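I have a structure I would like to understand better, so I am pasting it below and will then ask my questions one at a time.
For clarity, chains are labelled A, B and C in written order, and residue numbers in each chain start from 1.
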Amino acid sequence: MSDEGVKKPVLEEVPPLQDAESALGGLARKVESLLFLSNQPVTEMSLAEACEVELDEIERAVAELEEDLAPGRRGLVIRRVGGGLILASDPESETAARRLLSRPRTPPLTQAQAETLAIVAYLQPVARPEIARIRGVSSESAVNSLSERGLIEEAGRSRFGAAIYRTSPLFEKVFGLDGLEALPDPSRFDPTPDDEREIRERLLAAGEQRSEA
Amino acid sequence: MWMASRLDLDLDLDLDVFIGPFDLLLSIVLREEISLLEVELGEIVARYVEKLEEEGELELEVATEFLVLIAALLELKSRLMLPGAEEDLTEMEPAEAVEELVARMLEYRRYRDAGRALKDHFESQRGFLYRSAPLPPELRRVEVETAEQVYEPDQLAAALGDLLEPPPRPDLSHLRATVSLRRRLSVLRSVLLNRHTFDFDDEFGSEDRMTQAVTIFALLDLYKKGEAVWEQAEACGPITVRRVQAGQEHLANTA
Amino acid sequence: MSDEGVKKPVLEEVPPLQDAESALGGLARKVESLLFLSNQPVTEMSLAEACEVELDEIERAVAELEEDLAPGRRGLVIRRVGGGLILASDPESETAARRLLSRPRTPPLTQAQAETLAIVAYLQPVARPEIARIRGVSSESAVNSLSERGLIEEAGRSRFGAAIYRTSPLFEKVFGLDGLEALPDPSRFDPTPDDEREIRERLLAAGEQRSEA
């Protein structure tokens, strides 16, 4: 007696439409679901295995879906990439997507990100191994996320092949800086160092101690 | 207080399937086929509460409250039969306690049923899967034109200041040396007993730095005592250690 | 650099089809794209802002899309969840999806978890001791596992320092609820006067019998 009404999802109340020139066949529907859920290209072979059908059946279903998702028909398109199939949004909606989705891409900086960004900002251009030496730990993930967020960018390679970083124009914008000269004087947080060479040396010395600890 | 065997006769209860005393009580009370007159209600519940407590699932306060209610229920009739016999110190009259117990059971039952409904609903919804793909990279970053200031530059200066600070020396006071000079001395002596001369690296090169350092220290001690001499032709070159025969002291490492 | 090739849509090469009884209108296409890209429910208001159109235009586009994605027509369905719209795969493909993504089925709720979740859902915000009081048993492990599964979350502390819980947005998502108002009416679970009388009488009878013993 307890669960009448709850059990019934809204779904079941609507009878499936059968008209359906525009509806997809069962297997094409399944393929669409699978491509929707996967964020990597999926081969037709994997689709066939997942659906437990023969490859040629999948091929027919994919052809049906491709026709249905032909450019200009829907918000999604199907693409063949890297040997597999993947769904993508129609490029037409890119501007709207940017407005909808790119806003919250400025989460607070983690301590690792703040340190890494400070090193790049004050010492730029600076090579990745140097960042690691100063922080006393590998800084790969902080460097990657700063770079993915567009706050730092590669500015070439060192003689030894290491990536060299500098801050980006976006960095100045989100920190409200009118040029790099506007970076606050770090001496406020440390009384002594005055020139960049000295800061660099002290940073490296402190970093080496950190990594030994 | 009551015979456990009677309980087993009366109803076959697997206490493990009940998830709380109210759950147990409700299912006993509502079992049509058994008469509560026949069942040692109090004992079953008390045993169950005990079991919960053993499993660490019962909070003392919750259990106490519950048992007070049950006890009051079981006292009900005797109190009715002996009106005014003794004024109990408990604030709650048994009749009142029964009312509260009923109210609590009903309240529990409401959420038990709501829980079952949620559980079924959960099942019916499990087939819907949502996409968890990350945003395409070009949507992952803010565009320069639309970006606004969201961070304080001081954050950077502070972070750099933290990095300038050398870390505190690790406290090693809790570590005790595990390499003893005495032990290294005896190792050296036993090597020299078997061989007149040996190469330091051949012998100790695979030891850790600490052990090697203490061994050198021990070697100095042997030299001081006149038991051994050693030579090293060049800086960082091989060190040859030689046992000193009587009357041969202090040829030393001047060679 | 990894996404070149993905970026260049096939689109530009193929002229958009115009036949299109079965094709979606421009705004509905955009809405489908946006819902595809977002993995959180999106309100109609946000869609309107992103597309720079009025709310009623979005409502019409959503209605068009809802009709198009009606159950049984495609591999995707559109759902109203947590105050917004979200795309989900059709439950028909669940088994194939789990095979493809080798994702185990989420475990069902235990009875203890279900009871605890019901208490939190209907009484929120609710403190942990209150949950224990209603269930008659410490509910720590149920609370912890619901928290771990992300279905409930802490919403502060009571005056006495006890953790207070409420349901999470994920709860609404996995239960397919469009807001907490969509929970089944709790009066459905109220006991009838008959139930109540029965429980009371049987308890009293037991009490009387016992005391005669």
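One rule holds in what follows: contacts are C-beta pairs under 8 Å (C-beta built on N, C-alpha and C of every residue); 3 or more make two chains touch, one makes a residue touch a chain.
Remember, predicted model here, so these are calculated numbers, not experimental data.
Look at the CA centroids: the one farthest from the centroid of chain C belongs to B.
The interface with the greater count of contacting C-beta pairs, when B-C is set against A-B, is B-C. Chain C has its Cα centroid 26 Å from the Cα centroid of chain A.
Here the spacing of chain B and chain C, counted between their Cα centres, is 33 Å.
For the pair chain A and chain B, the distance between mean C-alpha positions equals 35 Å.
Chain contacts: chain A has residues 2, 6, 9, 33, 36-38, 88-89, 97, 101 touching two or more partner chains. Counting partners per residue, chain B has 113-114, 116-118, 121, 125, 129, 131-133, 135-139 as the residues that reach two or more other chains. Taken in their complex, chain A has these residues touching chain C: 2, 4-6, 9-11, 14, 16-18, 20-24, 26, 28-38, 42, 46-47, 49-52, 68, 70-77, 79, 81, 86-93, 96-97, 99-101. Across the complex, chain A is touched by residues 113-114, 116-118, 120-121, 124-125, 129, 131-144, 146-167, 170 of chain B. Every residue of chain A that touches chain B in the complex is listed here, in rising order: 1-3, 6-9, 33, 36-39, 88-89, 94, 97-98, 101-103, 105-106, 109, 111, 114-115, 117-119, 121-122, 134-136, 148-150, 168-170, 173-177, 182-186, 188-190, 193, 199, 202-203, 205-207, 209-210, 213. Residues 2, 19-23, 26, 29-30, 36-37, 39, 41-42, 52, 56-59, 61-62, 65-66, 73-81, 94, 98-99, 101-102, 104-119, 121-123, 125-133, 135-139 of chain B are the ones that touch chain C when the two sit in their complex.
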